[in-house]
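Following this line, the structures themselves.
Both of the next two complexes hold chain A, though its partner changes from chain B to chain C.
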Partner chain A sequence: MTTLTPEDVRREPALQLAAGAGGGWLVIAGQELRDIWLSARGPAIVIGTSLLLSLLTYLAASNEELNIIDQRDTVNLLAQITMALAVGVSLLFTADCVSGERERETLESLLVTPVPRGQVALGKYLAAVSMWPVLLIVAIPYIWVLREGEGVFADAMLGALVVGTLLVIGFVSLGLLVSIFSGSNRLSLAVAFFIFVLLLAPTQLPLGGWFGDLITQTNPMTAGSTFLHRAIVKEHGWGEDLDLLIAPAVWAIAMTGVAFIAAGRLRLQGSFGR
Partner chain B sequence: MAQASLAVDGISKAFGETRAVRGLSLDAAPGEVIGLLGPNGAGKTTAIRILTTIYAPDSGSFAVDGIPYTRPSAIRQRIGVLPESAGYPLHQSGEEFVQYFARLFGQSRKSARETAKTLLAEVGLAERAASPISMYSRGMRQRLGVARALVNRPRVLFLDEPTLGLDPAGQRQILALISEAATERGATVILSTHFLDEVEEVCSRVIILNRGEVIAEGPVADIKRRAAPRTARVRVPEENHESALSALKRAPGVGDAQAVNGGRGLISATLDGSDTNAPIRALLEAGIPILFFELEGGKLSDAFLALTGEAGA
Partner chain C sequence: MIRRGGLVALVAMVALFAIALGARRHAAAEMNGAPIAVGELTVVVSKSNVSAVTGDSFTFTSEIRNAGSEATPALIANLAFVAVDGGTYVDPEDWSSERTQAVAPIATGATASQTWTVKTVLAGDVASYVVVLPAPPALVANSPLAVSPAIQMHVEKHRALNPGGVLPTVLIVPVVLVMAFGGMRVVRRFV
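What follows is the complex of A and B.
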């Protein structure tokens, strides 16, 4: 076996990776972050979210005739909207991240670098997740303005942070998984968005009876949404509804595990929709 | 003899019922430029994708710079690839693009910046380094692709149709870069192309694939010899037509001679052996002036067409 000296590594750039092979994900994440935040995409989403939250806050805070819901409900609504937007947008970013590269014919060049497949996926995953903390920070002033009484702000921010993080992790992993197997970007975006809407829809439905409870407990979106509603509006303590965090947590862990196992087997061509 | 930088032993790959590559073997030395030829669907791109670790072979094995194919990540450290249809992030500048890939090969920011600067100068893009790739012509993008493929000083460079769609000036620049990579960097170059004149210009050896199988392999001169001229076309003055025909028919080394399209003065002579001067000598000895003489065959394109035609028949 050949032993490399520092001189060999300095002379041969090809060998430098042996010294720093673990950093591929960081380089990819950095590039993806620049692509999101230094292009029009990221800032446009932030501005759009700000405008939406501004409108809701304005209606709730300044116009009592139009303000038909309680301010705690409004805080809950803002937190839920911010969370749903972050989940949806992050999901679409990862749904594009592999199938989009396939379609733009840039994937092959990436796959012939020594960066392991899992690290390629990790870099893209982290960049997509970055949308969530940014949108949460955007929501802070609006929730602050609308807070009423002690503890609402903290309940809302902490609840949104926990539930949103679990949901974003799960859905970003879902997007990655779909993208890895999709032969076309359109298919990937459509499938990922369909699953998102399918799981989001029950949060807007009146769920009752054993079936409603089952959906509430097992659907990560309804479970997370109900947890947040109870924490902000009903002023439940955290310990009262911990069971509602099981579905989002299981969703996050399971989807991440499956997505990264699949990422290790990332192929040039997708399996479906070629 | 220097260790082969690329050693391939009977690799095969099938997609369902289609056998894309069958038993491809080759050894390539450092600094050698090998042309991979074949009609569309011959298996060239699949062969390259196997050797660049994109596809795993179904059978057979290969090693790059002594690294076995079972260690794909280590192989990727030693190869440079310009894929057949390489896409580019159009919003990035050429400099950012090359730097990014240099970083993916483990270089520090500073080293990546230097690498990008050097390589872009080498491929003639120094002045456009800061321009977005969307502003590059196709030729410039291909040169950028070559620069990217060289960021890790590869032992083996795989170029899949690098001159496709380029104008003659663009083709010339790419060919010069290929020669430089082989002679100055000592890289083995595997060049897949449809352009046979390119192969004649830069390759020392060729492998011709057809339907996944190697149908010919060897130095360019040897392959050309396989399509050695078998026919000569001669034009003589009309009044010498009959005497030329009989002189050629009698001549040693000439199998047969006949008028072409019934034309007076134009004769086609079949050669018996490798003596391509036999018809000229026969006519001159008979005192018949030669107005025109042409050998048919003897070019790589003739060999390619003959070989792929035979294999396809």
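What follows is the complex of A and C.
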């Protein structure tokens, strides 16, 4: 939530200077980052994630000792859970960022600042994306301690970094888009979360046949998940499955483009579902 | 004349019938193949009882001896597991990652040895044995199998407090994060 008022902006020479120089997004991003990381929201999510990863790591290590779950499967599981959590949390942050401001009646003051609307959206977007690198860093010690064999750690970290970044960018843009057009915050969160679950669900299904292949290739979540599985568990080289990165990349580029076009037309009233 | 002709015809018919019957039997014999004398193989294992805890590994050897008068065909040795306490779920893949070994033909009077590794996955009483059968194409439906005596395994549950050495990590990371974020809040309050 950005709580800048027009008075704040007028009184703040640095902000006016930044806005005039096209750096208003930096001010917005800084304010949003403070809201996330200096309040209880960001730290609570990070600590909660670390507790979940601790539990999973302990359980997985217990099983590994009994040779039931393969070590690479365990590392893949941790990487995918970290990625899914980052995508979900970042999505919910941006799903709240415009519709929430609108509902809390702080959007009007933000729109009258000398910062262009696209830059307002960019600032909020970057702040929401910040959750991903932090969660990835938190996952490092867990993946490190579970790694076994050559290259597992590097495969997992590099794979998660690439796939996770593409997915987070796409879903953060989706959240922004839904939030811009939603009349209420509840609707925005519900729609964003529903789309997230809809795209996440096929990763848990046994996909086979031409229809399964189609879903695997076109759904960014299943494509990303399959890519990670093949890179970490099957030990495929990166060049073997590059086609699986097409869907996440297209998703990230397309959603970002659409979201920022829509952000330029940011209004006080949402029109989604009306 | 007619009687003699009839007799000749009868003999010819019987001969034809006998030939046809013989051919059918021959075809049947070709289809089933001659039974392989795997029954003349004996299989022994190097252990009879094992007491272990979950997570332990042990190895044993099996020895296949050809007591027959002919060399065996190529053989397949397979390690099998069965729960003997009636309650333990046994998934053989979890207990041994390599459960099948190819055995080259064994000359008469010779032996072949195999080494097996077993990981005791779950607590309970489990028996393990090695079964030997001819490799295709010698494998036929009525070939006898040669089986070793069973190894009786009694596995106790092992409770490890620090499995795989992960305990320090799973405890320290959340604590460090709580201290870091808590420290930030405290510092902000005083600055």
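Quick note on the criterion: the second predicted complex is superposed on the first by the 244 of 274 C-alpha atoms of A that agree within 3 Å, B and C clash if a C-alpha of one lies under 4 Å from a C-alpha of the other, contacts with A are read in each partner's own complex, and residues count from 1 in each chain.
Following the convention adopted for this analysis, a contact is a pair of C-beta atoms (placed from the backbone, for glycine too) under 8 Å apart; a residue touches a chain by one contact, two chains touch by 3 or more.
As the structure is a computational prediction, the values presented were derived from the model and not from experiment.
Peer 1: Quick one: name whichever of chain B and chain C touches more residues of chain A.
Peer 2: When the residues of chain A touched by each partner are counted, B comes out ahead.
Peer 1: Tell me which partner A:146 touches in the superposition: chain B (first), chain C (second), both or neither.
Peer 2: The second partner, chain C, only.
Peer 1: Contacts for A:43 in the overlay, against chain B (first) and chain C (second): which applies, first, second, both or neither?
Peer 2: In the superposition, A:43 touches chain C alone.
Peer 1: Which partner does A:109 contact after superposing on A: first (chain B), second (chain C), both, neither?
Peer 2: first
Peer 1: Taking the superposition as given, does A:54 touch the first partner, chain B, the second, chain C, both, or neither?
Peer 2: second
Peer 1: After the superposition on A, what does A:24 contact: first (chain B), second (chain C), both or neither?
Peer 2: It touches chain B, and chain C stays clear.
Peer 1: On the A-aligned overlay, A:138 touches which partner chain: chain B = first, chain C = second, or both, or neither?
Peer 2: After superposing on A, A:138 lies in contact with chain C but is clear of chain B.
Peer 1: Given the complex with chain B, which residues does chain A contribute to the contact?
Peer 2: 12-21, 23-24, 27-28, 31, 35, 39, 104-106, 108-116, 268
Peer 1: Once bound in the complex, which stretches of chain A touch chain C?
Peer 2: 38, 43, 46-47, 50-51, 53-55, 57-58, 61-62, 64-68, 138, 141-142, 144-146
Peer 1: Show me the residue ranges of chain C that touch chain A in the complex, using the header's touch definition.
Peer 2: It comes out as residues 54-55, 94, 97, 119, 121-122, 160, 163-167, 169-171, 173-174, 177-178, 181, 184, 188.
Peer 1: List the residues on chain B that touch chain A in their complex, please.
Peer 2: Interface residues on chain B, with respect to chain A: 49, 52-55, 73-74, 76-79, 81, 83, 85-89, 91, 100-107, 111, 115, 148, 151-155.
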